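Naming follows writing order (A, B, C and D), and every chain is counted from residue 1.
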C-alpha cells in the first residue's frame, strides 16, 4: 500500500549531526521511520538520537543494512553527498537540501542516470507513506493512510492539499514532494509511473506550477499510459509572464508552453480534471474514487 | 560471412586530408571498401580520392549515410575525433592512431560504454573481411576469404599468422586487430562473442601477448560460452619479468598473472589449444576444421 | 546574479575573447575623456540590468566630442525603465559585416548544458528561437565530460557560420563554455558577436548571469554584485532576502513556499480580488522575518488588506504568531487589516498566541482569502 | 617518463602537499652546505631512476657535518645499478610514528583511474598488494567526473586511517589525484606518507610518472626529462626512438611491431637460441631507421648473428631492403652475419633489392630464425 518507502525501509541520514539533520531524524523516528544510521565524515563512532554515526555512507550501509538515505548536508557539500549515496547502490535517496548549485545538480543527474536508484529532490520536503515512514521534513500529523497518491513540485502546497484530503476523509497511499529546483531526480512521470504500478493507489493528485514543460509531458504520459485516475492542480495562474516567483521552477517564459493555461489544458485534454482550488481538487478525487 | 564489416559498410574517414588518411583511403578503396566521405574541420567542400569531405562527422553521415568511421587523426586530436564518432551513433569506429594519451582514452572508453557503437583500437591495424572491405591499414593482399576468424592485439603478428593461414589454404572470415594500448574499445571477449555468433566463422585464432589479464579472461569466456573452436597464440614467452617490450600491453608484472605461462595454461584449460609457433597455430586450426 | 556588460566583458576579455576597446565612466567628463581615448565613432552605453537598452535610449552612437558630451549628459543619471544610470561604458564602434549569436545555458528539461550558435545575431534571440527555431544550432553538453572540442565546431558548422571564421567562433564558444562552467554561469551570451570585413570576430555585447546558489565559491563575482534596483520595494525585498514580486493589485499576500504563495494569489484572483504582490518568506521563518514581511507589504501604498497564509512544515506556527503579534503591537493603529491563517506544525499553538484584536483569524485558506478580498472591497467602496 | 624524486616533490609541494625541507646538490660541498642548511639529522638521497635505492646504498641518514661529507662522497658519482649518480637530494629527516601509502594510477583492466590508500606505507607496496590485497583500499574513479570528494574520504576511512588525520590524508589524496589528472600521470605515489607524533602528515618520498604520449601538452614536464640511462645501448635506443630491451643472449633481433618481435624472440628460444635483445623499429620505418637499428645491434658485443624480420603493413619492404643495403655497404666487412626475412607490403620488391652478398635471405619466419640460430651455433664452436 505504498510507493518507494514503507515500514521496512532502512534509512541512513547524511548530515545527521547538523541542526536540521538531528531535528528531523528525531521527527522521522517519532513518526516511526526506521532510521538505522547516520553518515558524517569525521564523526564515525558518535551517536545521534540513539543512532550510530559512520564516517562514510558505505560503512553505514554495510553495518546497518540501510537501503535509503536522506540528505541534510549543506548546499556546498550536498552534491558530493548525493554522489556518495548514488555510488552506494541505495534504492532511494531523498535530498532535502535547498540551494545546491545547478551545475552540481546537472552532474548528479547524469550520475543518477547511470544507476538504478531513485533520487527525490533536491530542495524538496521528501516522501511519506502515512502510518509507515517519512523520509524528509513533511509534517506527519496532517497525513492519513489511504488510497490517494500525491506528487507535487511544491512543499507547502503539498501540505495544503493533503490537509484538504485528510479533512474530507481521503487518506494517502504515498505523497512525494519532488521539489521545485531546475534539475531534480524523480519527476512527475517517474512518480506517476510508480503510482500506476501500485495496486493500492486508486487515484493520484498531481500538483504542478508554472514554468518548464514537465506538467505538459506528464499530461501526455497520463493520457497514454495511465489507468489510475489523476487530478491536477496548477499554481501560478495569475503570475505575470517573465516574472520569477520564488524557486527557480516558478517562471513563465512567455511563450506558449510553461503557462498555467498550457498545463491545465494539457492535463484536461488527457483526461485529468484540474481543480481551480485545493478544495475542488478534493471534489474531483471524491468523484473518481 | 563476416563480422562488423562487409560489402555494405559505408565508411567515413576522419582525417582524410592528412598523409596517412589519404594514402590509406586510397588503399581501402582499392581493396573495395565503400569509403563514402571524409570529415576534417575546415576542409568541408574539398575532395580526396574522389570522396567528398565534410566539416563534421555528423554532416558526413547525414549526407552520405555512413555507418562506420576510420580515425587517422593525429594523437593530440584523436580522442576528440573518437568522441565525435561515438556521438554520431555509428555502428563501428576504427581508431588507427597510435600514441593517444591514456587519460584521453579512459574518457573515450567511458563514453563508449554509453553507446551501442563498436570501437576497435586505438593503435590498431583495423579490421578486414577478406574480399569485401577493410577498415584500417592491414595489407589486403595477404588475406583470403574463408571461415577462420582472427583476433589479435598485435598488428604485424596478425599479418604473420594470416600469411601462414593463407599459405595453407585457410581463408579468413574477418580479422580484427584490437590494438595493444592500455585501454582499447573492442577486447578479446567482445570479438570472440561476435565470432561465436557468426555462422560463417568455423574456428577462431586468438593472438595474445604478455601483460594484463585479458587473455586469461578471454580463456574463461571461451570455456564457458563458446562452441566455435579457438586456437591461441601468446607472444612474449621469453620476455623477462618487469621489462616493457614495445607497446604498453607488453609488460609482465612479475606476479602470477600476465605471464605467458598463465595465459597459455588458461587457454589450454579452457579447451583452446595454443601453438608454440605460428605454423603450429595453423596445424591446430587444420585439426579443428 | 547578473553581471553588468562592462563586468562581463572584463571577464570575457581576460579569458581571451576579443572585445572592443572601451572605458567605464561615471561622470560626463569622464565619458567624454573616455570617448576621446577610444576614438570615434564610439558608443555610450548605460550599465543597468535592463533589456532593450538601445530602444529605450540607453545606448547612443557618437561621432565627435560634442556628440559624446550630449549623449553622456542624456544617459548618465537617466531613469531607464525604473533603473537609475550611474555608469556608462564608452566603447569603440565596430565596423561589422555580420552579426552572430553564441551562448551557453542550462537546458533544464534535459538537465544538461546547451551551447548555441546562430548567424542571426544582433536581434532578440528569444524571438528568433520562437519564429525560426532551426536558425539556432544547439549542442547539448554532457556535464560530466564538459564540452568536447568537436562540439564547438559542430555547433558552429551546423549554424552555417562561414568556414573562414568557423575556427575562431568555435574557439570563442569553447572559451564561453569554459567561463560558464568555471564561474557557475546560468547564462553566458555574446549577442552580437560581430564579424568584421577582414574576418575578425569581436564580442560587441556580453551577458553573464551567475547561479546565485553558487556565489559562495566565487567571491570575486559576488563582489561585483550591485544593488541597482531602483524600485524601493524590490530593493527592500532583496535586503530582507525575500522572494518578492510586485504586482498591480491591492491584496497584499504573504506566505511560505512558492507553490502555496502562488496558489494564494490564484485564489485571490478566483474570489474576485487583485493580488498586490508575491511574497515568499521561505521555510523555517522566524519572528524577525515575519515582521519584515509585514513591513514590506505595509510599505506598498497600493495594498488595502493583507492575507498571511502559513502552512508549517519546517516553519512553526507559534513562531509566526509571535512574529505577527510583535510586529503589529508596534503600531498605534494597524496600517492595513491583516487576515491570518495558520496550519501545520504548531498551528494550534499559533492560533492561540495570535492577538485577535490585531488580526482576523480564519481556519482555512479559502476562508482567509475570501475574507481578505471582502476587506479590500470594503476599502474600495 | 619518470620524474626524479626532487622534481616530483617540487610538483607536489607547489600543489600544497607538505614535503620535508630539502635542497638539491650536485657536489660534495653543495651537499654538505645543504645539510647544514636543512639541519641534522638529514638524509642524502641519490637522484636516479632506480628502485630500492636505500638497500643499494643510495640513501644515507647523517647526523653531523662529517657524516654528511662522508655520505655525499660515497653517493655522488657512485654507480647505482648501472646508473651514475650526479645529483643528491639533501632532506630533513622526519620524526614519524606511522607510515602510510597513497597513490593514483590507471587501472587498465577497468579502463579507469584508481586511488589507493594503505596504512602499510614505507615498504614495497607491490609486495603488500600480493601478500595482503585487502591492506590497500582502492577507489575507482569515473574519468568523466573525476574524483569526488567523498571518494578520497572513503578510500582513507576504508584503509583504516586514524580519524585524527583522515581529513588531511584525504585532502592530500585529492591533490594527488588532481596532479595525476592535470599532468597526465601514469602513476603518482607517496610512499611513505609520514605521520608525526603531533598528527602532521608529510610526503617523505614522491613518485610521478607521466604518460610519454601526453608530454606534448606538458612542456614544463618534458623539460624535466633527463637522459641518465648509463647503459650506452639503452641511451642510444632512446636517442634513435626505438623500443629496445637488452637481454643476455647472442641472437640480435630486429623487427617491426612488438608482437611480432616478441614472437621472433620466442622462436629463437624455441629453436634453441638465446635472444640478445628486443628491438622494435615501429611502423612505417624508413631507410635511416633501418640503418640505425643495425648499428644498435652491431654495437652489442654479445651479438653473434642478427635476424631482421619485417612484415610490412605500413612499413614497405623495398624501403627496408634499401636501408639494409645502404647500412651494410658502408662496412668493409659485415660485423655480424645478418639473416633477413621480408613479407607483406612491397616484400617481393624488397627481396629483389636486397644484396645477397651482404645478407642471407629466408622466405619464412621459421626459416630465418632457424638459420640465425645456426649461425650463432657456428660462432660458438
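Everything below uses one rule, namely that contacts are C-beta pairs under 8 Å (C-beta built on N, C-alpha and C of every residue); 3 or more make two chains touch, one makes a residue touch a chain.
Since this is a predicted model, take the numbers as computed values, not measurements.
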Chains contacting each of chain B and chain C, listed by label: D
Of A-D and B-D, whichever chain pair has more C-beta contact pairs: B-D
Cα-centroid distance, chain C relative to chain D, in whole angstrom: 57
Centre distance in Å when chain B and chain D are each reduced to the mean of their C-alpha atoms: 28
Distance between chain centroids, defined by C-alpha means - chain A, chain B (Å): 48
Numbers and ranges of chain C residues touching at least 2 other chains: 142, 144-145
Contacts with 2+ other chains: residues of chain A: 107, 110-111
Chain contact topology (line, ring, star, complete or other): other
All pairs of touching chains, each written as two labels joined by a dash: A-C, A-D, B-C, B-D, C-D
Residues of chain D defined as touching chain A within the complex: 142, 145, 148-151, 153-154, 157-158, 163, 166-167
Chain D-facing residues of chain C, complex: 142, 144-145
Parts of chain C lying in touch with chain A, wherever the complex brings them together: 106, 108-109, 111-113, 126, 130, 142-144, 181, 184, 186, 211, 213-214, 216-217, 243, 245, 247, 255-263, 265-270, 275, 278, 280, 283, 311-314, 343-345, 365-366
Interfacial residue positions of chain B with respect to chain C in the complex: 41-42, 44-45, 55-59, 77, 80-81, 83-84, 87, 107, 110-111
Touch list for chain A against partner chain C, complex: 75-76, 98-107, 109-111, 125, 137-139, 142, 152-160, 163, 180, 182-183, 207, 209-210, 212-214, 233, 235-240, 243-247, 249-250, 254-255, 276-279
